[in-house]
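First chain written, first letter: the chains are A, B and C, and each begins at residue 1.
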Amino acid sequence: MATTTISKGLAEQPVEHHDAHHGGSFRLYWVIAIILLLATVLEVGLASVLKGELECVAGIPCPPALAETFEQSNAWAIATISDGVVAGSMMTIAIVKAALVILYYMHLRYEKKLLWVIFAIPFGLVSLLAIAMFLNP
Amino acid sequence: MAKTVRTFLSQFLGRIPTMRLGVGVVAALVLMSLTISITYAQGEVPTQEQNMAGAVLGIFLALVGLGMLTVVLIGFVLWATQTKIPFLPQGEPQGIARYFSFSTDHKVIGIQYFWTSFAFFILGGIMALLVRWELALPGLFFTTTQYNQFFTMHGTIMIFFFIIPMLTGAFGNYIMPLQIGTFDMAFPKLNTLSFWLLVPGGLLMLASYFVPGGTAQAGWTAYPPLSILASKQGPGQLLWGISLFIAGWSSIVGGMNFLVTIMNMRTKGMSYFRMPLFTWNIAVTAVLQVLGTASFAAGLVLQVMAMTFDFPFFDPVRGGSPLLWQHVFWFYSHPAVYIMILPAFGIISETIPVFSRKPLFGYRALVFATCGIGVLSFVVWAHHMFTSALLPQLRLPFMLTTMLIAIPSGVKIFNWLGTMAFGKLTLNTSMLFSLALVSMFVIGGISGVMMGSIPVDIHLHDTYFVVAHIHYVLFGGSAFAIFAGIYYWFPKMFGKMLDERMGIWHFWLSFIGFNLAFLPMHAVGALGMPRRYADYAPEFTELNFVITVGAFLLGFAQLILVANMAYAFAKGKQAVDNPWGARTLEWMTSSPPPHHNFEEPLTVEHDPYDYEWNPPYKPLPETAPAVGD
Amino acid sequence: MDITVARKFRANQEPGTGISNDKLGMWIFLASEVIFFAALISVVVALSLNPNEEVNLFREHREPYARKAIILATTNTFVLILSSVFVVSAIDAIQKGNQRMMKVWLWLTLIGGAAFLYNQGQEWAELSHILHEEFGFAEGFAGGTESLFAAAFYTATGFHGLHVAIGVALLLYVLVRAHRGDFTARRYNAIEMFGLYWHFVDLVWIILFTILYLI
């Protein structure tokens, strides 16, 4: 692993060389940004339909044409789909978004495995805490 | 115009020699007295708004100090505009002044931690003696509120401002970089920040003595709703929470620094399995600090919000749950007790081989035991909650993990015994304290395993049995190791030898006082005496009196150590590089080491405990016939 | 610290992790931040799962607020995601030696951060107002006394907002250095470290947004 020492400011320590292919490209980052934005819209839209707490889509009231359909699907969803499934699907989308940010924006995909371990351990630990707290009688 | 302003500001900055002399502390002290006077002026029992205002003002002034904030802001502007600051040509502070400055040298910082922790040790000890004074005889000498404040401050100060900073901040900071052969920590400026975060944390804790209503009084565990109620007596409980929040960040930053230093800056030849055990223990401790403390921070945030704004997180009537605090608190505080014991184990893993002149028995087993303790420490926390309204089905798994974690500690005990077996023992003060740890920790460990069993814990929880257990492991364990470390590393850190005869007196008086104080607690606890009560049933009188006598003996014995250190500074013998003939790297340089620790970078070719040792028994012949052949 | 001495010692070290001190340190720090936020969020979720119907007014208090504020919150999510991709674009720009675009992207990030904080303030005002209207609670933080949802909301978003504010302060430092020409195609460590912190803050918001508004 080629390292150089540099003499200015923070960088008084070995620095990894960044090759041109080290990591994603400009296009990739923006594609991921679009995916993230769309996923957010999906999340909010799904929540609107499945839970009935929000207006049609993201708080915007439905145009009259769609209002009927929305109310029916809303009623159906609240009746048939359990809270757990709703929560599960929301969290899954959120986790996918988070994973994209971690892997590509924080560059973890291209980093050494040690950093994966360092970042993953707290999640494992805290899930134990979370489970113990959720089982609170 | 801008230029004149900039010139004036740069000269203002340049003329403050106090920039080098810790202006923050002075400013904070002055301004904290101001805050306290303002709080007093508000009258006996402040209202909620006054509490909040006082606390906010207190944090702001304590942490920042008007002077520091001005300096930082001006400094930022000048740096951004690239104006030169003409510092007076005084250079780095020399001598004692270094220890009051923002030094980035890990050795200076280690010594800053050392004296700060030691001062808090004395204060925490005084709190303990006040507790024991109350409990010497039945009936009340102090008020119950005062009693609650004594034991709360005793626990809090000893844990967060003595044991953890002394073991990690003082010994860890000073010794670990030397042991891995490097010239400083990975982030020297963060190291400075780490110490200087402890200072306002400590000051806030001290300030709580002077506010109306007095200090915190809900125990070091601060369970709501008791703590929320206590916060209505005065700002003391709130100051407690904020103080620990700040001290916690000191711990996290320190832990992060240790890990990066150990992972990236070991000298050539110092592979992971050539690191001394002290460094290994500090490494695992650092992991616990980084991961665990943040949970405590989250809990403190919730408590502080509940105290200042009356948020209902812990109020069942409004939808909250006190049990949630217990989970979040113990999720940190259990690893915290391992933060307190692992470096202690590290210290005696250093002294025992040296003073047995024998290689450490089972180096790898000790390393894996340390890592095992680290991992397991995160999955035992609810054993502090067996009698809380924990889901019953959750209790059994925690009992199992609690039993499990005793095993690696047991491995360590056997390895230390194995190290000493057939060795040539030097029973100096450091070794005596190390031996005391081995035996006292076994007692403390066994009482812990007993309480790990749910049926037993149901009877023993919140009795003096618990107090006995914690003091056997924390005083008999951590504090004895700290003493062992002081007698071992004092020559290296301060360049003077401590007097052996005074040390032996210190040891025996401490050992006898310690056992006199804490052994009977097992009995009174098992007989039903509750902890944290200012009074007790008359049948416990004789034993409590004995305990108090022991405690006072233990307390006054520490004065011998203080006298010993004072004498060493005044008239002590100059220390050589390696007074004990040890083999770890910190002894391969002068006492104290030069600014960059070593004259030349070292390359390690030997194990840390490779003493010449000839076994006194004949090894078995290679080709012994198998039985039944 | 004398640089020649440091170099001398660094030339004589074990290989280590192969990861620079700064990066390793930052990831370890982020690990502790994960625990902090995860613990805080777990408590909030645990509170919302209280089976005692009479006292668990979490969802009841949230509904009118979520209805009104979901657009604002979603916009905030967009803002933070975009600011994250702005930082990455800044790093991409400097990797290609483009000083000008790097500065542009960094300034856009700053605008994003400031916009987020402003919107967050709006959300707080909205919550305070709605609780006052619908349930007659006091305005401001005092509403949190009655409403567990409000208390949890203010605390969680408050500490997240504090982290965003700290990020903005760090960004100011990075911007000053950027304008000074401190960064080159081979040396842009500070931006990368800032980026890691900023993406983490974005990450927390993604989870927090889902939990506070949608579940």
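The rule we apply is simple: contacts are C-beta pairs under 8 Å (C-beta built on N, C-alpha and C of every residue); 3 or more make two chains touch, one makes a residue touch a chain.
As the structure is a computational prediction, the values presented were derived from the model and not from experiment.
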Original post:
How many links in the shortest chain of touching chains run from chain A to chain C?
Top reply: 1
**OP:** Return the chain pair with more inter-chain C-beta contacts, choosing between A-B and B-C.
**Re:** B-C
Original post:
Quick one: chain A and chain C, Cα centre-to-centre, how many Å?
Top reply: 14
Subject >> Between chain B and chain A, distance of the C-alpha-averaged centres to the nearest whole Å >> reply: 38
Original post:
CA centre of chain B versus CA centre of chain C: separation in Å?
Top reply: 32
Original post:
Taking each residue of chain A in turn, which ones touch at least two of the other chains?
Top reply: 13, 121-122, 125-126, 129, 133, 136
**OP:** Would you pick out the residues of chain C that each touch at least 2 other chains?
**Re:** 1, 6, 17, 19, 21, 24, 28, 31-32, 34-35, 39, 43, 46, 50
Original post:
Where in chain B do residues touch two or more other chains at once?
Top reply: 186, 291, 295, 321, 324, 328, 331
Original post:
Hey, which residues of chain A end up touching chain C in the complex?
Top reply: 1, 5-18, 20, 25-26, 29-30, 32-33, 36-37, 40-41, 43-44, 47, 51, 53-55, 58-60, 86-87, 90-91, 93-94, 97-98, 101-102, 105-106, 111-112, 114-115, 118-119, 121-123, 125-126, 129-130, 133-134, 136
Subject >> chain B-touching residues of chain A, taken from the complex the two chains share >> reply: 13, 121-122, 125-126, 128-129, 132-133, 135-137
Original post:
Considering the complex alone, what residue numbers of chain B touch chain C?
Top reply: 79-80, 82, 104, 182-184, 186-188, 190, 252, 256-257, 259-260, 263-271, 290-295, 297-299, 301-302, 305, 309-313, 316-321, 324, 328, 331, 596, 600-603
Subject >> Residue ranges of chain C touching chain A (in the complex, touch as defined) >> reply: 1, 3, 6-7, 10, 15, 17-24, 27-28, 30-32, 34-35, 38-39, 42-43, 45-46, 49-50, 59, 62-63, 66-71, 74, 77-78, 81-82, 84-85, 87-89, 92, 95, 182, 186-187, 189-190, 195-196, 199-200, 202-203, 206-207, 209-210, 213-215
Subject >> Residue ranges of chain C in contact with chain B within the complex >> reply: 1-2, 5-6, 8-9, 11-14, 16-17, 19, 21, 24-25, 28-29, 31-37, 39-40, 43, 46-47, 50, 52, 55-58, 141-142, 144-146, 148, 151-152, 154-155, 159, 176, 180
